[in-house]
Amino acid sequence: MATLGLIEYKDANPEVRAVYDEIMATRKTEWVNNFWKALAHDPATLRRTWESIKQIMAPGALDPLVKEMIYVAVSVTNQCGYCLASHTAAARKAGMTDAMFAELMAVVGMANETNRLAIGYQVEIDEPIKT
Amino acid sequence: MATLGLIEYKDANPEVRAVYDEIMATRKTEWVNNFWKALAHDPATLRRTWESIKQIMAPGALDPLVKEMIYVAVSVTNQCGYCLASHTAAARKAGMTDAMFAELMAVVGMANETNRLAIGYQVEIDEPIKT
Amino acid sequence: MATLGLIEYKDANPEVRAVYDEIMATRKTEWVNNFWKALAHDPATLRRTWESIKQIMAPGALDPLVKEMIYVAVSVTNQCGYCLASHTAAARKAGMTDAMFAELMAVVGMANETNRLAIGYQVEIDEPIKT
Amino acid sequence: MATLGLIEYKDANPEVRAVYDEIMATRKTEWVNNFWKALAHDPATLRRTWESIKQIMAPGALDPLVKEMIYVAVSVTNQCGYCLASHTAAARKAGMTDAMFAELMAVVGMANETNRLAIGYQVEIDEPIKT
Amino acid sequence: MATLGLIEYKDANPEVRAVYDEIMATRKTEWVNNFWKALAHDPATLRRTWESIKQIMAPGALDPLVKEMIYVAVSVTNQCGYCLASHTAAARKAGMTDAMFAELMAVVGMANETNRLAIGYQVEIDEPIKT
Amino acid sequence: MATLGLIEYKDANPEVRAVYDEIMATRKTEWVNNFWKALAHDPATLRRTWESIKQIMAPGALDPLVKEMIYVAVSVTNQCGYCLASHTAAARKAGMTDAMFAELMAVVGMANETNRLAIGYQVEIDEPIKT
């Protein structure tokens, strides 16, 4: 159970319910992730986090599936089990196939390896790619 | 300068030169990143790392631009300056616009934030998304 | 169960019991965390770690509650479940309210986000704040 | 220089200038950090990030100095040089003394150590502190 | 259960079975870790990862036990529970005693602490040790 | 320059000088790393950190060279430039050859990769290796 517990819809105040309603409407689902029910103890953070995610994950220069896969890449790198489970599910819903998942994992694994080779060998940034 | 120094093409043995040649041919460039010149002190690792990257970053279920952006996402999360510079350059070459870069950063930033909210509130994985 | 198992008070040697006694006396509790029972297989590390924590977490220029919240901030950033659970409990005991916990989480989340925006955009340190 | 460069006040569009003006007014300074000038290439992220930070770092259940020190703790743990420099400066401005800084570092160092001892020994969460 | 499930020997295709056979032969065991059974959904990654590990972990300038302990050190630092469990087991099989494990943990803990003290105090690299 | 500056021997108080003297005597060198000169602003932390490192890095079940290489492995994983430079130098002094360094890097890189594959595929710990 989450640190402060989870606030279910029936127990939520109007401010929290309004966010839950928006989440379900935007995502076209009948349920709300535990993540939001845990944040609901802090309605200001619940509202701000939802608004930010809605803005950031909307289609733009990158499509939603790419964005979800980037979310998974970060969650894997940080070893966040919850985030990984929820964003893997979201990426699948957005169209990620098993083959795409496998390639995503291969890239994330390799990037984590070469990040350490680059720092470990103390490689300096090449002149042509310096900003 | 890198820990063991950099091995330039003219000083490289045939085994290392063969990898440098493949890198330049595959990437259609006239130069080789410092990363490879640093790894060249260990030809087995140079060869294995290059073969792995070539295989992983090739077009597949995900296109090369998406793969480069995932590489950037991991490098940012790990705070690897060298990797960030080199893969941001590679992503641009593969077609990443400023708008795509900005959205990539926004997603990476948000994912790093919500990763910590999820763990900090000790949120349990929802039944429907458990593997 | 921990890698080497847990050493209970009744099974502990005098050197380990002495540390357990100090922990309970200092914290005014009747029990010892699993953390210490796991470390007890290495009495030198048990003693050193306890002495260090006792010194560091004592009231000083910062009060114990602030110190416990900093401990939580680090544990969340590192995704350490055990540390998070034990230091959240300790912070509450030291006076952390739900409102304080929620603000702590909001700051930790935001800091993890902007850390990545700063590195991702490769922002240089401003002259006025260079050390 | 930052990836996309820095946008100075004189070159900024009205949307960006409005944020810069708010930052200077809120912080009672005559200058704007490079961080914001780098983000200014993405006005939506600039605005959202500033609004979030302003809300999160305002006095509340925790005072601003404690919040800045938590920011430093996260930035140190993530090894973010830019964030560390800017939030150490902000914490000093908010009243952090050398003695407070030294204690902050001691706690952050210790937490990073015991986080690894806890995971390394695979310590299970004690029943009394389970959420 | 893993994201894509686990592929057991009896259900594996010849390409996957070949890798499983090599793993069991090289390690002189009758079973294959879940790690490999999860990767088996992507035979190219399974093959590449196994070949890389076999090459890297073989006796060389460093002996296999030292290599396994380095693997544990990284897994602890990254808070990877699975990796920690499997490489602690592998290190024990390679000869790691309880005393060696305890010293390994002490070094890993200390390194994580001083890494943060060094960055937190913004210590510059000493001239004599610059590369 | 470090956050609080560096305290040179000639400017140090007797408490700090005593630690500097021990460091030089133990390490058989004529100089003290910037790390210690930065910590010297907090004599209690200087003393505690030195005592801990001296105890931990002394020959025991693991020899000093192995311990230094583990220190490097952690510093690479955490992307700590200062720690990497100083412990690579220390490991060389303790006998690390170029070949050993190269193998160390290969293991660290691989471990960072497979750590992410294991979490990304959400692999469960195998029964036989559960603690």
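In order of appearance the chains are A, B, C, D, E and F, and numbering begins at 1 in each one.
Just so it is clear, a contact is a pair of C-beta atoms (placed from the backbone, for glycine too) under 8 Å apart; a residue touches a chain by one contact, two chains touch by 3 or more.
What you see is a predicted model; the values in this text were computed from it and never measured.
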{"item": "Shortest walk length in steps over touching chains, subunit A through to subunit E", "value": "1"}
{"item": "Centroid-based (C-alpha) most distant chain relative to subunit A", "value": "F"}
{"item": "Rounded Å distance, subunit B centre to subunit E centre (Cα mean)", "value": "21"}
{"item": "Whole-Å gap between the CA centroids of subunit B and subunit C", "value": "34"}
{"item": "Multi-chain contact residues (two or more partners), subunit F", "value": "1-4, 45, 49, 52, 77-81, 85, 88, 102-106, 108-110, 112-115, 117, 119-122, 131"}
{"item": "For the subunit C and subunit B complex, residues of the former touching the latter", "value": "72, 76-77, 79, 81, 84-85, 88, 104-105, 108-110, 112-117, 119-122"}
{"item": "Contacting residues of subunit A [partner subunit B, same complex]", "value": "1-4, 31, 33-35, 38-39, 45, 49, 52-53, 56-57, 60-62, 66-67, 69-71, 73-75, 77-78, 80-83, 85-89, 97, 99-100, 102-104, 106-108, 110-115, 117-126, 128-131"}
{"item": "Contact footprint of subunit F on subunit C as seen in their complex", "value": "1-3, 44, 48, 52, 55, 131"}
{"item": "Subunit E-touching residues of subunit C, taken from the complex the two chains share", "value": "3-4, 41-42, 45, 49, 78-80, 131"}
{"item": "Residues of subunit B that touch subunit D when the two form their complex", "value": "79, 88, 98, 101-103, 105-106, 109, 122"}
